[in-house]
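Letters A, B, C and D mark the chains in the order given here, with residues in each chain numbered from 1 onward.
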Amino acid sequence: MQNAKVGIIGAGRIGQLHANNILRSSQIELKGICDINVTHLKGTNLEKYVPVITEDVSVLLNNAEIDAIFICSSTDTHCHYISQCAEAGKHIFCEKPISFSLEETEQALSKVKEAGVKLQIGFNRRFDTHFSKIHQLINDGKIGNTHMIKITSRDPEPPNEAYIKSSGGMFFDMTIHDFDMVRYLSNSEVKSVSVVASNLVDPVFEKYNDVDTAIITLTFEDGTLATIDNSRKAVYGYDQRIEVFGEDGVMLAENERKSNVKIATNEAVTIDHPKYFFLDRYKIAFEKEIEEFAQSILDNTSLSCTGEDGLQAQKLAIAAKKAWVEKRTVEMHEI
Amino acid sequence: MQNAKVGIIGAGRIGQLHANNILRSSQIELKGICDINVTHLKGTNLEKYVPVITEDVSVLLNNAEIDAIFICSSTDTHCHYISQCAEAGKHIFCEKPISFSLEETEQALSKVKEAGVKLQIGFNRRFDTHFSKIHQLINDGKIGNTHMIKITSRDPEPPNEAYIKSSGGMFFDMTIHDFDMVRYLSNSEVKSVSVVASNLVDPVFEKYNDVDTAIITLTFEDGTLATIDNSRKAVYGYDQRIEVFGEDGVMLAENERKSNVKIATNEAVTIDHPKYFFLDRYKIAFEKEIEEFAQSILDNTSLSCTGEDGLQAQKLAIAAKKAWVEKRTVEMHEI
Amino acid sequence: MQNAKVGIIGAGRIGQLHANNILRSSQIELKGICDINVTHLKGTNLEKYVPVITEDVSVLLNNAEIDAIFICSSTDTHCHYISQCAEAGKHIFCEKPISFSLEETEQALSKVKEAGVKLQIGFNRRFDTHFSKIHQLINDGKIGNTHMIKITSRDPEPPNEAYIKSSGGMFFDMTIHDFDMVRYLSNSEVKSVSVVASNLVDPVFEKYNDVDTAIITLTFEDGTLATIDNSRKAVYGYDQRIEVFGEDGVMLAENERKSNVKIATNEAVTIDHPKYFFLDRYKIAFEKEIEEFAQSILDNTSLSCTGEDGLQAQKLAIAAKKAWVEKRTVEMHEI
Amino acid sequence: MQNAKVGIIGAGRIGQLHANNILRSSQIELKGICDINVTHLKGTNLEKYVPVITEDVSVLLNNAEIDAIFICSSTDTHCHYISQCAEAGKHIFCEKPISFSLEETEQALSKVKEAGVKLQIGFNRRFDTHFSKIHQLINDGKIGNTHMIKITSRDPEPPNEAYIKSSGGMFFDMTIHDFDMVRYLSNSEVKSVSVVASNLVDPVFEKYNDVDTAIITLTFEDGTLATIDNSRKAVYGYDQRIEVFGEDGVMLAENERKSNVKIATNEAVTIDHPKYFFLDRYKIAFEKEIEEFAQSILDNTSLSCTGEDGLQAQKLAIAAKKAWVEKRTVEMHEI
């Protein structure tokens, strides 16, 4: 059995997550990790099992054995590395969002196209058991034409201030996943975007011209309507639900719970909380997305989540930001 | 035990429903029914048990024994009858919506105020077991300050064309209940209204400049956000759910099902359908609303669903229509 | 529309329940109530609406207008009244259990047969929405041949000591409903009965040679197996669930809850409690059983819950008692 | 980080399952596999990654590097290998049941005791997320004293005839897990065992004096009652549920489903099937049990599922068989 050989740029939280998943996979082999500073990897599993740990990106790019690079560095460096990887003829797995600038993203994508390498964007939720089942059932025609898509996406707790400052705002950092999901589930492109939003969770968001609670409303070319509701703080756990309503029925994906135990006492009947956050909820999805990426390289098949998908989600985030700032419905052709 | 004595104007579907509920109640006694044509009541229970069946409203208005009148006639006659009842010193239970015209409604309400009679509007959903529990839990502070209210309200099948023609449109006929519900659950008034809507169920709606699928987005004075999603056709049954998200948690009221039976076979695991339509789902609520009305008359206490509530819901319907026609967010102070 | 005219013997809790349901029914008319002492009815609805309130049974029995009698007196008087009613040519609705003595019951049933009157036993759970749906689905062949029936039946709190003393024991007073249910759901008769039981809830049960916690295991002629598990105290509410497992699947009837509201907070995710006790849970079933009884009289059709059903349930209670006392499996042919 | 070094005897389905889990674990290292015939391992992952593949047990037993042996061979060889491993000073993980003979088991356990090695039995369900949560909540006193334990344990489909012939019968092969579970959840030992059983699924079971449908009833020293209901065929999937009822409430562990997606159409409202069989349902539990075993070796701590637990479960299986054959309640002191 052949393996896909890969390197990772960026060994922060998400980079380490992918690295450890790769170590457990039989389809994919981790040849090297690069970070601007690698001292935090001392004494970890990664140091023991990964042949190359480096602070020099060219060591990975010039390694002929390496088929593909995972870009897990900060968002503002993504496009730079995408271009470099493409030039080096490496396939690319890039974390979301691609960038904050449409120009940068478009340039990077054109480099990818020229080089003829594969580019997958890290929209891991497409690989969630429940959401991918919804996707499949829609395409199987189970509920006929889609009339309405409703996504509930609430984080258990707000990020810290440093993160808020550099995240690009809620629409870029958090809603971007939901923008991709709504596209993944619909068979039409978004026509217009409206937003109502508030600052209800913590004043720190207002400080950075950000919001913490929002309802984004979308209309699609084919008449489908959609809402995404977001909050930076859901005290009961990570709230990730989807409902799709169509001419022949409705489908819902409920939260995953920590356990299926129900307790009834005199005081209350309780069921367990939703899984706490994305590391628990999307554990399997993170594993599946890299398996598909590896498989696609080994079999030279097309990807189900491409740079184009990353670009479209980025455009929706830009439209939402604009709709919020200008307090009006933004048509997608404006972006 | 004393009874409240009442008459009914309008013996269509909803009038007969109230009449039969009154017959089963020990707190309220039905003294007369008036309709423009009463031939359809021949041979019914109502003919047997109701002392007066008449085509002349004044027979009820002049009956000194009658404490209150239920106005169940067509919407365009409501204000006229409200005024007449108020002048006759009768308490009033009026079906929703009060009228299609704000001027008419305001005049009628001022007549009610002058006369010092009670006026309850038929927003029966306030008396639903599940929704009134949500209301109570919000007021008990169970989830702290409210951040978001989401109402799903979908009819199992569209009304017939004659009804569509005269209903005043989806916002007046169907969403009006949801407008009242969102006010019932919030502790703040609506500040602005936005609408996205489509004609996806049946072209007949477009013929009458109506829509059949809509998402109404509301912002409140206190920053609370809300959505109402409506469809004229949910093939799986009457879909009536509410979710309220707050700083300390979330509450959901699920649909009532025809039974609690679950069946698992090789083919599928199935649970029962939601109750078919409002007569099943809101059966108890229809009974409770007239009990509260009667109790309020007997004890001379204030009502929980007044003419003012009817007026506000009507304003929201007008705003939604305007938002839809003008394709913009409408501020409530414009109405 | 014709009504069935009835009288009631015994105006305790269950007699008054039926009386009030009859008052609300359009198919059945309450002509008289008899109790050994009627002073507790002074000032009630019943006094106002029921023409005859008497302490003399013959007043009801000799009233030619009366079609049927509801026997709601204490269990030890049932057979006496059944015989008297049968002799007077009255149809009979008798509360469960018919009696504590097989001989008495058999004599009473033979009187009923001779007189050609109808006899319905008050096994109200056959009329429960969920359980009757299970019954229907079994008969529709939804899960093929039945392999196993499991009934959970737990009261929210124990009865008072006076009741315990005269109830005939848990098997006669409480499990009798479950014995009827298991027969209602199976298409075969019970072959043998085993019991394990404990005194875990309150020592008062041991004082009267009774148990408060039990598992009754049944085998049927066709190989079907069944368990009934009972407790006199379920602090979380009335626990009434049924599961039927067959060659092609499984069916479950879940508890009815006070509401469908779910609340998720930091502390817990809670759903509502089961309805508190039989007056709430079986409200509709109590209404339906008298409607069917009345309908059967008016249309002269056969009943779905007869004296024979009462006799068989009684035999099962006797077998269970015997199995418990003699600590062995009891074959039904022994009874 | 230190690893526990292990070998595996028996490379059938369960042996290969453990082998692959060990390969993915960072705490445990697979040094060798022994089977009576190893040709079926050619070309597998195991051949590639495991240093020693042998048909000679002594190769593993004499390997000084190996800390522990997994015994995954056929049941009739377990005790022989337990003794050999103990003599060789190896810790032991042995699949269930230990043996079909009490004498053999007791001799083997005494060898283990003499040698002072650790012995864990493969009751993987103790490591299930939901069941271990139930266990913990009981011990936390959430529902007070236990009154009743109900285990539903139904396989999706019967094993093949060869397996049936050598399995030792349903009580030894299938119920043994439930016997262990009921002991794991109770805080008291079983006092007596009763059984009702039928042959309803397939006549092949009767051919080998086996049953395919059974209800086992247990009484405990402290008065707790329990039932286990088993079927060899549940067409809707692997049915693994537990309910524990106590003085202060009830707890239920529901099945895990393939997904949390619900679909409502005109025809039906469906949720997903339970996971298909033990490889899906207990995937995580199989991983956790070997992690605990390794941890216990590395830290020299005591195990939560020991040889004594295996012995007690075996005694319960013997008692159940006896109760079934002799058609009577068997007291545990008889075994």
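Rule of thumb we're sticking to: a contact is a pair of C-beta atoms (placed from the backbone, for glycine too) under 8 Å apart; a residue touches a chain by one contact, two chains touch by 3 or more.
Because the structure is predicted, anything quoted here is derived from the model rather than measured.
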Higher-contact pair (C-beta pairs counted), A-B versus A-D: A-B
Reference subunit A; chain at largest CA-centroid distance: C
Inter-chain centre distance, subunit A versus subunit C - centres from mean C-alpha coordinates, in Å: 58
Centre-of-Cα separation between subunit B and subunit A, whole angstrom: 43
Inter-centroid spacing, subunit D versus subunit A (mean Cα positions, whole Å): 39
Contacts with 2+ other chains: residues of subunit D: 235-236, 248-250, 264-266, 272
Footprint of subunit B on subunit D - complex, ascending: 235-237, 257, 264-266, 268-274
Subunit C residues within the subunit B interface of the complex: 1, 24, 26, 45, 129-130, 133-134, 137, 142-143, 248-256, 258-266, 272
Complex contact set, residues of subunit A against subunit B: 145, 147-148, 150, 154, 192, 194, 196-201, 213-215, 217-219, 223-225, 227, 229, 231, 233-236, 239, 245, 247-250, 327-329
